[in-house]
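Structure below; questions to follow.
Labels for the chains are A, B, C, D and E, by order of writing; each one numbers its residues from 1.
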Amino acid sequence: MRYAGWPGRRRVSRVFENEQRSLLSLDAVTLDAGGTRLIRPVTADIPLGARTVVLGPNGAGKSLLLRLCHGLITPTSGRLEWLPGTAKAPPRQAMVFDRPVLLYRSVAANIRYPLEATRVPRREHAERLREALVFAGLEQRARQFAPTLSAGQKQRLALARAWALRPDVLFLDEPTAHLDLAATRDIETMINAIHHKLAGVILTTHDLAQARRIADHVVFVHKGKVIEWGAADSFFDRPRAPEARRFLNGELFE
Amino acid sequence: MRYAGWPGRRRVSRVFENEQRSLLSLDAVTLDAGGTRLIRPVTADIPLGARTVVLGPNGAGKSLLLRLCHGLITPTSGRLEWLPGTAKAPPRQAMVFDRPVLLYRSVAANIRYPLEATRVPRREHAERLREALVFAGLEQRARQFAPTLSAGQKQRLALARAWALRPDVLFLDEPTAHLDLAATRDIETMINAIHHKLAGVILTTHDLAQARRIADHVVFVHKGKVIEWGAADSFFDRPRAPEARRFLNGELFE
Amino acid sequence: ADRPLLVLSTTSVENSGLMAYLLPKFEAKAGFKVVLAAFGTGQAIRAARNGDADLLIVHDKPSELAFMADGFGVERREFMYNDFLVVGPVDDPARIAGMTDVEAALRRIVATGALFVSRGDTSGTHKAELRLWAAAGLDPNSFDVSWYRAVGAGMGATLNAAAGMQAYTLVDRGTWLAFRNRRVLKALVEGDPRFVNQYSVLLINPERHPHLQHDKARVLADWLVSPEGQDAIGSFRVAGEQLFVPNAHQRNASRRE
Amino acid sequence: MNFGDVIGQAFRLIFSLDPDLLEIIGRSFQVSLSSVVISAVVGAPLGAVIAMARFRGRGALVVVLNALMGLPPVVVGLLVYVMLSRAGPLGVFNLLFSPTAMIIAQTVLITPLIAALSRQIVEDVWQGYAEQFRSWGIRPIRAVPTVLWDARVGLMTVLLAGFGRAISEVGAVMIVGGNIDHLTRVMTTTIALETAKGDLDLAMALGLILLLMSLLVNALSHAVRRVAGPAASLARV
Amino acid sequence: MNFGDVIGQAFRLIFSLDPDLLEIIGRSFQVSLSSVVISAVVGAPLGAVIAMARFRGRGALVVVLNALMGLPPVVVGLLVYVMLSRAGPLGVFNLLFSPTAMIIAQTVLITPLIAALSRQIVEDVWQGYAEQFRSWGIRPIRAVPTVLWDARVGLMTVLLAGFGRAISEVGAVMIVGGNIDHLTRVMTTTIALETAKGDLDLAMALGLILLLMSLLVNALSHAVRRVAGPAASLARV
């Protein structure tokens, strides 16, 4: 990936900022499926303009939590409120899935499609497409059939495609799982560079070093329950919950 | 993952060992597709009874190389020879893909199916299934529909399913990409514990620290070409190719 | 105005090839085109009632009279006939070959239990068959399916079935002579006076269906009963045999009051 | 024609429980369901093999199979008629004008349809599976039952298409069955007969009953799928 | 009957280039291809919407659609006849016994087939896409063209099934077309006519020609797919 900054944007978190600092608040949100409770009542706040990292072992419920926040699944009970206390509409969001969803089309068509479908002004398409191809390092592969890309190329494409929409909030589910070292660094650079211009970046990762490098705020999930949430520094240095301590030591088994 | 060792096995590499130490040799193997050369002539040897790590940036050709070795794709030219110099049949192999392929069935059925289809003696099925479920940490989820598993659970299931076949050679494509710290450690423990009993473990990873911990032998690929291959220590400490040096520094872009 | 005249007929008229023979002659004279759609008797009459055709040619007197009585037709002209015959397997298990008394022949078929296929579709031919059974003092409703097979199909399909199961059946001569899949079948009983199969042409009531081409229809109907048309009908041959006997001059056109 | 009348007549017919009508409905089902079962047993694996195996002439075979979906019922009827007729090669079995003959004809008619559509459905599932099965060293031919099972939701629609074609066709069963009362008369031949007689209302009422019956079959299969099918709805919460 | 004779006769007929035969073949294609195009334009998006949207009564709609695959051609013919007949609501347009009437009837017949099968094919593609489109905030209805395009390989088989059914059916076109020489006579009605005349050899030869013609259409569509289709063969090297 070659994140090299994009034409200046308004600082979104300022735009949304009010007397409060919360981007999204979850109030007793639960989720049931297949006859079991997958998410036990979550009450938490995602801060505005920050990098929130959702941590937890495999199967904890991180991806489900991201989907709930992004509105892909409706909670069984409880409610979510964007920018609580304001009457503002939810900010524009984009999500990159842990298994990127690519259309059965060329790389370029994969980037172009959401630009067209979400009514990005037509005059910007060419430029955004070019930028996204550079970002993904796929300039030479614009016409390749996307399903034939390598694992890392797929993930890069999905990231570049999401960013081409210039969302205010970015959900990233294990965005660097298949990326090489150089691309991983670029993504981190990008997140660090843009997050303060956005309303928020919410991501998951299993790379704890990466989490330390990125996170302003941590949400720690275990067995479908949010066990701990708050500032990143205090979480990493002085985790309160015993599960969190064991998780950080790589000792927590599902 | 909870790798806790399995009932003793014969030491496979010894069984295959002869006067030579090569598991697989590639002789000027190339691959073309979509009108381009994806793998440029590769001549290399995979040593017997060792942990071989294939390294390289995204899109280098690592996954294609694994597929070629495993026999999933036929080279456009050149040839592969298993246990060169002996008249032995190729050893039994299993591969775990970067995107695990799960059958549209329950977790248990996913493990059971290849046992049945590859004619593992029926009396061993129950025991191997139990072990695989424990290994994957999915005992409680044996009856869950596999496509609903979390990213990490899918990868664990694919690993446990492959291991349940007791192959002599294991191909693992980014096996820990979606695993949490504890599971990653377990996989590494397992690889280190079993590799000397096997004819070989060949894997890819983007986690260079992991590569250092595991590799006996490294194959470094860049732009479809094997640039360097040999003992891991010398590769990590004194990489010869400039690309390898830049790659290890996270400076190599596709 | 250059819409072709649409004639509805029963399938026997089309399958025999008569209309394909007559129409070019007529068209050359009249100067307009005529097209023919063939259906089962009931379906043809139904379509004519709906006003979907300009002229109707059928051979089932009771339904024709009902059509007239209900005010759908203005004129009914009997213009030709052919005859029925009983056909059956060449080995003729009931030994009816050469008989000219249909009643006796039918009774013998019943007595020997030989297979008989009935149209069973209330067509003109089927009704004629029922009349023949009645004349022989028999009731088809009491017949057993083990030998009396009501196939409920057109004449061609019925003949195919008779050929397939080697059964007797009643058929009009036009269809029989044009029929190619005879294989094991053979004409066995013919010449009984009760075998007459009368065809009529029916002009449709312009008050009911003013959109139809009544003038052209009348031209065709007139031609069919004219000496020229009658000659043409009489000269139609299949395999050297005359199929239809023109008889317009013997009959009085029955007009609607 | 008045559609209210037709619907009324259809329901009167159903509730009259006329034994002749029930017999005809029963025979329609017997013939068409038998054909679908046989065609499924032959056609679905055939389609799967073509979807999964790679061999010379495979493309041509797919084209031929797709073209055979356009097999005219009348021609199938004739073919079977010629085979089964006294003078034909299978004449000795005396099957012509029997429900068995109708089952044979419908089976010939819908097997290509089921095979061609199964090929498409199975190919989509197999695309995801193929590498894993090659890795396991399981030859495609041995994986056929597995993939058919895992593709069962899609295949159900294919079987219903086959059933729909069988239960609704008249050309083939008319020729080989002969529409003989109390022997080979089925719903479609009855409808054709009533149409030829000009009793369009009755024909349409019978058509409505036929549709209601196939609605029943479809609803049943839907219910079965909901109960026994894979938890596809769980794939995404 | 001798199959050698039949095949010989079929080829003699083709190479005779008899203008009447060519006219009939041409009309068959014109009618059936028109129906398939209209049915595709209506049915495929309909199937896609049902596959992609979630609404109350969706399950019931799927069942009804599947059941409509069993619509008997004769009943469709009657229905269209009643509509187009002078006595019917559309009588003034004077469409009965015209190729247009035949196109209408076949369209009614195969639209449910195409819609039901498209539903199944699209559902499989959509399953992979759905979350991404929700994430983009694109409503399923707006994604319909996209998904239809990306499912085009599977949909091609569906359209060929529709074409096969249209080109081979006789019940509907016979009733609304009337099998009028030089006006509404098509291959299947000719076959039915020759069958009724007992000329089974000719009927079979015509059936063979019909099959050859649909083979041609299928081969063409296969060629188009190979040239213009997605590089599916590239998905896996």
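Note that in this section a contact is a pair of C-beta atoms (placed from the backbone, for glycine too) under 8 Å apart; a residue touches a chain by one contact, two chains touch by 3 or more.
All of these numbers come straight from a predicted model, not from anything done at the bench.
The minimal number of chain-to-chain contact steps leading from chain A to chain C is 2. The most distant chain from chain A is C, comparing centres defined as mean Cα coordinates. The pair of chains sharing the greatest count of C-beta contacts is D-E. Distances between chain centres, each the mean of the C-alpha atoms, put C farthest from chain B.
Annotation: 49 Å between the Cα-based centres of chain B and chain E. Once the centre of each chain is set as its mean CA position, chain C and chain D turn out to be 37 Å apart. In chain C, the residues touching two or more other chains are 39, 154, 157, 160, 163. Those residues of chain B in touch with two or more other chains are numbered 33-34, 67, 145, 148.
Annotation for chain D: residues 81, 131, 175, 192, 195, 200, 231-232, 234-237 touch two or more other chains.
By the touch rule above, chain E contacts chain C in their complex via residues 85-88, 91, 94, 96-97, 178-184, 193, 195-201. By the touch rule above, chain C contacts chain E in their complex via residues 4, 6, 11, 14-15, 20, 35-39, 47, 49-52, 154-157, 159-160, 163, 178-182, 209, 211. Within the complex formed with chain E, the residues of chain A that make contact are 67, 70-72, 93-95, 97, 101, 103-105, 113-114, 117-118, 145, 147-148, 165.
Residue ranges on chain D touching chain E, taken from their complex, read 1, 59, 62-64, 66-75, 78-79, 81-82, 88, 113, 116-117, 119-121, 124, 127, 130-131, 154, 157-158, 160-161, 163-165, 167-171, 175, 187-188, 191-192, 195, 200, 203-204, 207-208, 210-211, 214-215, 217-219, 221-222, 232, 235-236.
Across the complex, chain B meets chain A through its residues 2, 33-34, 56-60, 62-63, 98-99, 137, 144-145, 148-153, 156, 173-174, 177-185, 206, 208, 247, 250-254.
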